[in-house]
Amino acid sequence: MQKLKNSEDNKSNDKSVLVIGGGVGGIRSALDLAESRRNVILIDKSYSIGGLMTQLDRTFPTNNCDLCTISPHLSENTRQIHLDLKPMTQLEQLTGETGNFKATLVTEPRYIDMDKCTACGECYKHFPEAVRFTPGLDPRAPTCMRYPQATPYAFSIDIEKITDITALKKVCKADAIISDDTQKKIVIDVASIVLSVGAEMFDPSVLDNFGSGQFENVVTGLEYERIMSASGPFQGDLVRVSDKKRPQKVAWIQCVGSRGINKADVPYCSGVCCMYALKEAMVTKERFAESIETTIFYMDMRTFGKDYELYLNRAKNDYGIRMIRSRPHSIIENSKTKDLSITYAVEEAALQKTEEFDMVVLSTGFRIPETTIDLANRLGIELNPHNFAKTDHFNPVVTSKPGIYVCGVVESPKDIPETMVQASAAASMAASDLPAIMDMPEDENTFVPERDVSGEEPKIGVFICDCGLDIGGVVDVDKLVEFAGTRTDVVVSQAVGYGCSSDSMALIEASIKTNNLNRVVIGGCSPRTHETKFQDLMRRAGLNKYLVEIVNLRDQNTWAHMGQPKEALDKAFKLLGIGISGVRKSRPLMDQTLPMNQNALVVGGGVTGMTAALQLAGQGVKVYLVERAPVLGGLAKSIRKTIEGDDVGPFMNQLIDDVTAHENIQVLTRSIIVDHSGIPGRFKTGIQSGPRMNYMQLDHGVTILATGALQNRPDAYGLGTHNSIVTQFDLDALIEDDPEKIKAMNQVVMIQCVGSREPENPNCSRICCQTAIKNALRIKAIDPDIQIFILYRDIRTYGFQEDYYREARNLDIKFIKFSIDNKPEVWVENDRVSVFVDDMILGRKIQFETDCLALSTGMVADDETTEDLSMMFHLPRTLDHYFLEDHVKLRPVDMSVRGFFIAGTTHSPKTIRESITQAYAAAGRAQTLLAKKEINLGASIAKVDGTKCAACLICVRACPFSIPYINEDGYSYIDPAKCQGCGVCAADCPAKAIQLLAFEDDQIMAKLDGLFGGMN
Amino acid sequence: MITAEQKPLNEIIAYISPYDRILLVGCNECVTVCSAGGRKEVGLLASALNLHFLKQGRTIDIKEMTLERQCDPEYVEELVSEIDRADAILSMACGCGVQTIAERYKEKPVFPAVNTKFMGASESQGVWVERCKGCGDCMLGITGGICPVARCSKHLLNGPCGGTSNGMCEISPDVECAWCLIWERLKALGMENRYEEIMEAKDWRPAGGGGPRKIIREDLSL
Amino acid sequence: MKTESKLEKVLTSGALAVTSEVGPPRGAIPEKVRQKATLIKDHVDAINVTDNQTAMVRMSSWAAGVIIKQMGLDPILQMVVRDRNRLAMQSDIIGAYSMGINTMMCLSGDHVKFGDHPMANGVFDLDSVQLVQTVKKMRDEGKFQGGAEIKTPPKMFIGAAANPFADPFELRVMRLAKKVKAGADFIQTQCIFNLDKFEKYMEMVCDRGLDQQVHLLAGITPMKSAGMARYMKNKVPGMDVPDEVIKRMAGVSKEEQPEEGIKIAIESIQRLKEVKGVHGFHIMAIEWEEKVPQIVEKAGLFPRPVL
Amino acid sequence: MENFEPEIVAFCCHYCAYTAADMAGSKRISYPSNVKIIRIPCTGKVDAIHIMKALEKGADGVYVAGCLEGDCHFKNGNTRARHRVEYVQKYLEELGWEPERVAMMNMSAGMGEFFARTALEFTQKIKQLGPNPIKHMNINKNQKAVS
Amino acid sequence: MTLQTKFSKEEFVILAEMNTPKGVDISDLVTNVRHLKSRIDAVVIPDMDNGVMHMSALAGGAIIRQQGLEPMIHIYGRDRNRMAIQGDMLAAHVLGIHNLLVVQGENIAHGDHQDAKLVDDLGELDLLGMVHSLLKGTDLAGFELKGKPEFFTGCQVQPIRDDDHLEEELKTAKAKVDAGAQYIMVPPVFDIAYYTQILNKFKSLNVPVIATVFMLKNVGMARYISINDPGSKLSEALITRIRKAKDRETECIHIAGEMIKELKTEVAGIKISASGWEDRLPAILDCAGL
């Protein structure tokens, strides 16, 4: 069983980074640090890590649990050397200062030896009340058993509840019970700290109007997730708590406990509830019944993230989810039926309406618990008025105390992608308190030597995951096991639960050893995500990692055919047949490696690109910063102030100075990228620069894309026809440069969503609401008598921006809602600008004669540039021409081509602060690659059999990379270090003298045989 | 190299239909290089024949083999172990290979699976062009390295006919006029005057006009 | 005088010679030959008899030539190297000469691809230059190409073709020189439409003194329509029809186009008469033989000298 | 033939089509289970022989799915694959088989819906064409092997 | 045949610009030259182009000569004084480099040695005068040379900003011709009609005019030029054409090829500047039908 190192044998005196909190953010930070070969200690007060996300059922946009996709990117080797996980551990005291902290950690007794426990469940069976590991029963428990939530995969004993310790010891076959386990206290040296403790979800039972905790069928969003989850209380069946019947009418009430002024309310917006409500409503219809009526009561629909608006449109148009803009006051339960009635105001008709629902979900937001406030005190960091960590205005992961960084919800309410970005950013910042990455020594290999299996008859072991219900819920895993067992050469066939969980992995490893297996088939999810993990397993078991075949039973079978279990089962048989037959022909192979180029190319010299460049340069990385404009600065140069009131100019000037002066950064302005080649870790990019377009080629190992976006200037509302009609960008400058002109105004009108959330540009520009409010507040500061009207569709002041929204309303700035079907009209007559809008509440058209019409136009992607670059770099883009990251939730900074990272507004619209965060994150992610001294090219390369080769030159001509040549012996030679492994030559070779390793013809034929029963 | 091209499948099928066990023999020389009869094409043809006969409800046994060179008896000898198990031999080699096999295994019918085309060179990937007619009396030395016998549609030896336009032959705008090429080359070499010498009527005996040709190297013969 | 050829006589006299041609029929119809020959008999000095023109099978040229000879006219035997090897060609030459044919043209011939037997094997045992050489050797040395002696050698007046317009242009004069060197007594050129280019060609011919060594008959073809002009330009290999000519043809109504074509032919002859080195005209009125007299007359080449 | 469920082999490149298939799964987009994917690094690796052998072994239809034209991870593997598929189609035509039994498709990694749609369309097409003409032979052969 | 004779015979001359390496690895340069050997008439070697330090043009020229092609090297006064330049010129002659192009040294503010000291001892006209003097057998100080060098020397026109600037450049060019420039190299323009107009003006100076064909590589580069060099008349249509193309690189090669085709009848020669993409020059020439 793979074990994480205990601190006792953590011999290194090297400074570590302490990550507090093992939720997704903490895990991401820890993994980033470990992957860039920094020592990291991850502590969590719970007995296993995973945090809040593990309680969610499915997440946007693919509506599946993706947490498991985090793990495979870290090889076991790295994990063992650099990552030290301490569950049930808390920070007691912190002394010292950045670079030289001394942290006192206290680990509570587990009463279980984690090295021995196999999580067999015997203890739980006999002493259920005493075991803190309770999968699948408590609806509130984090019970998703997928890695790494169930890390470490071991039980924990609540000693106070145990009466007969000897009896307990007896039932434990593994002899893992430590009855005299005690609290342990250690003091460690850490250079820096990442605080990632998240927050709690608000408990609405303190409110008396919604009946939470009182009415059985009123649940919180998180409880609803648990109900729908396969590992939840009803095994993934959506039923009412009261009568276990499928609800037919479900309502969501948004902003419960948030954006309020009442006693138990918090004023800020939690930022995530709109999306999760939409997701829950959609999943309800998708998984349970199309006919279930779903209604969301909301104040503003805040789908401000990347492609979130499309999600909203999908919910409305494709799923028919009803949205009602209203804040219901209370819920009344019918005591007999347990149905729930909601009374709400109908906006258009200005009347009250009552409607009955089977279930009501309260969308609650985040709260900082007392324990976090305590922890902050112990750490010595300041909190903001809402008790979230107070952070730097231009760098949200930096706290008031040097050396302590934050990420995730403890910084401010946010969703998973933003948490992931901050986690990588915090890791990157924390690493800068350690010695530079370029000076780090090589890691040693901890794998056991490989067993030579040549000459052995195939002995195949088949292991099949049920992946919770994802596989086992659709097909009968036992039947698969039975089927596989009948195939030739299969000596072991068994089901392994979650195959990627550490106990299953240990079980497989043990089986390989005891049964002397030499080939392994894993039936589970996609090899794209899990092949590395199982290859590591093979290496630990002493087998070559190419002797394993992953059969994609989940992504390409049970997920796709969940409605047709019979067909899925038949297909599963066939797929296993393919895999077993294929693995029989597999051979041990050696990976090829090349030295890594440790330079970085940063494309775009705006605030994002400069920040990323500086961060990498600080780590000793040579950075080429390429900018097409004559000067650095980008879009941020045209912004004067942030909503927090900070001056952007001086900040930018400082940044530009730092970048220009840095010895590791070569700034290339007036430069255009013209060509690109190479492989991750060894890229070659051609640029032309200067007035005469001088050509040069840059060698680099990683690329950060920070090309930004453009100010949107759509042809709308008379923009460009009258000098009183301006964009918010223009207004921002005007306020700063000519306050007298502002003073002369009487009335200012702003229109939101101009050129955004429209069919031609369907997404939300994210920044416009806060920009409008920022400018409005500044105008009010110049002259409080100026009347300001903001015409909007939804106000999306997420997080603490809500404070400014409230302030604006307090200052009598008027907000008037309009709908997309009934947009305001703008007239210019006699040099006067008039705006007409239908006031929904008043139910009539109103007119403003305005001195300044400010259009919130937001930004649009730089289509021409992203298109050019996407073609050269072979990177995907979104429909609205932003770059598309590898995984919208879990890998928001990585691109689909390894070695490419993305940050700033070329990813999606965002504020300067958010761009900076992502810049740090990109720099951090880039370091995970740059930390390697060599790149692994894999073993899939073309190999020539000289005796068969006719030296026909067909491969020489066919190779897209011009690698093969005819050697002195008169046959084709393919340099393994250069071969990219496409296999074109192998397919074209008329003498069949070339084979692509790992995809040899006999293997492909064997797979076909396996499919068609030629060999069983 | 000798170039070849696979025969239409119908023709091949007609040849081998009467037999149940076929020995399908490729050659690792010229026909491999021109992708007509190497290991890969042998595999493809075998597969195609299987598809055909299986569709008809027949299973035939096709044994695939590829020899280093089918035009050398020693290599052809390698078939000896398989020959008894075959009713007929299908050869993917050039005519020389087919005949070498036919000569060695007189008791078995041998059929060609390719049409032997010409002596050619590869112009680019997948394109082969005729370059030599094997006339036995090479005149490339005086035609700037471009052969009018092989490359002029009329084998003209004294210059282009009147049908040349834009440097292309009258038979097709895709065929270069050999004489235009020769002329350009001679000019480039400063050998324009070569052109004016009349090339006398060619002696076609070395080209095969005198019956099947043979080369005998006394010093090498045993 | 090398031969008894009437054409040789006309040319030696210094008069501008006029020849035209008759394509033998695709069938055993001797009347057809006679008919065609009759149309032009008074207006030309000799009549080319084509040899499986455009690679289509026709009555053999020497047979048709004999028919014409029997009419008391002077045929020019065309012989292409495409269809016969050196044996057949030499035997046909002796045969033709024995039937009174004393003038011949040595040609390459259109490729079989264009004809009605594209599957035929083009022989090309000799090329046209070598055929000229062979005929000359037969006549002057009394030897067959292989070296054997000929009893009573055929005294042929030897002609060859030249296309001043095919590529490469610079090679055209050299090729002519080669044919002259091989023994050509007269040359008939491809149809001339691009007079400027032809004049340039003739300048080069004269520069090399070839006009002193060979009689060159300029090829003239009257066009029936603009469509034909375009066809010749685009489809017939080695043909140079300038756009102005097409424009001029297309500039008149369809009915007037044949007349315009004849006008152009006449004007061409009139212009080329003045060109140094042009010793006559070869009028190729393809399937339009009836217009030859009109052209000859209007071009001032009538009456033909009587020798 | 109404209940004919064709067996279809799809050679999918790792970078695009295979990922698209995963994407279809993760979005729970259903497509016919008849399609069985064999993963290859690039469609340029797919040899005409692989396609022929798949048919020979009993596939009712075979398709090769690679990246969008111009987007091949290995420059032009997908265009080469297209030529090979066309070559096999010609071969099949000569044999009197329906060339539509084999096909080339192009998609990007994100086109999960498209993957599902093409899988469905191809399956429907093969259903129209009916079983692989030699399939009954295989069954016979197997039966023979058993007896 | 030398470049000069080709011009005098009015043959269309094709020049390709190739930079020397920044370093001593000349393999790319040599490979590119070999591929082009039979297809171009001379290779133009810029010297520290864009103010970026490279191997000197003199050495580059010598390498080209070794490869059997004719070199043409840039000379300018930014980095060397009259002693150094004259010395280099004599060396050039001896190394077989007989074609010179007098250029204005690029502003080093855009280069990679921005703190270098500017020499600027001789301007363009002075350089032409210097060459003239060397040809006559005397150096700039009036001393007699032992053996006279032979050069075919031309001058360069700066990128044209607008019509006024055109007139100014025309005047300058005339002065250069008067000072001994034997040909004129005109900067790239992407609008053929407009280019023809410019070329005609320069043709009136009665020396061979060489047009420059600058290879675009993608939309970004085209956009950059259209914004920063309005005088190049790079049209929106051209940018759209590249954007719409299925294969942008091939399209760019076609564009360059077409430019050459159209310029062929207008000028005595062209210089192709592929800046780093010299390996694509054969394809460009194919497209130009050369």
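First chain written, first letter: the chains are A, B, C, D and E, and each begins at residue 1.
As a working rule, a contact is a pair of C-beta atoms (placed from the backbone, for glycine too) under 8 Å apart; a residue touches a chain by one contact, two chains touch by 3 or more.
It should be emphasised that the depicted structure is a prediction, and the values quoted were computed from it without experimental measurement.
Enquirer: Which chains lie in contact with each of chain C and chain D?
Expert: Shared contacts of chain C and chain D: B.
Enquirer: When you check each chain against chain A and chain B, which touch both of them?
Expert: Looking at chain B and chain A together, the chains touching each of them are D.
Enquirer: Computing the C-alpha centre of each chain, which chain sits at the greatest distance from chain A?
Expert: In terms of C-alpha centroids, the chain at the greatest distance from chain A is C.
Enquirer: Hey, which pair has more contacts between C-betas, B-D or A-E?
Expert: Result: the pair with more contacts is A-E.
Enquirer: Grab the C-alpha centre of each chain and report whichever is closest to the global C-alpha centre.
Expert: Most central by this criterion: D.
Enquirer: Among the chains, which one keeps its Cα centre farthest from the Cα centre of chain D?
Expert: Relative to chain D, the chain with the farthest C-alpha centre is C.
Enquirer: What whole-number Å value describes the gap between the mean CA coordinates of chain C and chain E?
Expert: Once rounded, the distance between the two centres reads 55 Å.
Enquirer: Let me have the rounded angstrom distance from the C-alpha centre of chain B over to the C-alpha centre of chain D, please.
Expert: 35
Enquirer: Nearest whole angstrom, what separates the Cα centre of chain A from the Cα centre of chain E?
Expert: About 52 Å separates the centre of chain A from that of chain E.
Enquirer: As a quick test, compute the distance in whole Å between the mean CA positions of chain A and chain D.
Expert: Roughly 34 Å, centre to centre.
Enquirer: Could you tell me which residues belong to chain E and also touch two or more other chains?
Expert: Residues: none.
Enquirer: I need the residues of chain B touching at least two other chains; which ones are they?
Expert: Where chain B meets two or more other chains at a single residue, that happens at 40, 43.
Enquirer: Spell out, as numbers or ranges, the residues of chain A touching 2 or more other chains.
Expert: Residues 871, 958 of chain A touch two or more partner chains.
Enquirer: Quick one: which bits of chain B touch chain D in the complex? Just the residue numbers, please.
Expert: 8-10, 40, 43-44, 47-48, 50-52, 54-55, 57, 59
Enquirer: Within the complex, which stretch of chain D touches chain B?
Expert: It comes out as residues 47-49, 52-53, 55-56, 91-92, 94-97, 133-134, 136-138, 141.
Enquirer: In their shared complex, at which residues does chain A touch chain B?
Expert: Touching chain B from chain A are residues 948, 950-954, 957-958, 989-993.
Enquirer: Of all residues in chain D, which touch chain A in the complex?
Expert: 7, 9, 14, 18-19, 21-31, 33, 36-42, 44-47, 49-50, 53-54, 57-59, 70-71, 73-77, 80, 84, 108-110, 116, 138, 142
Enquirer: In the complex, go through chain E and note every residue touching chain A.
Expert: 19, 22, 49-52, 106-107, 110-111, 214, 217-221, 223-225, 228-229, 243, 248, 275-277
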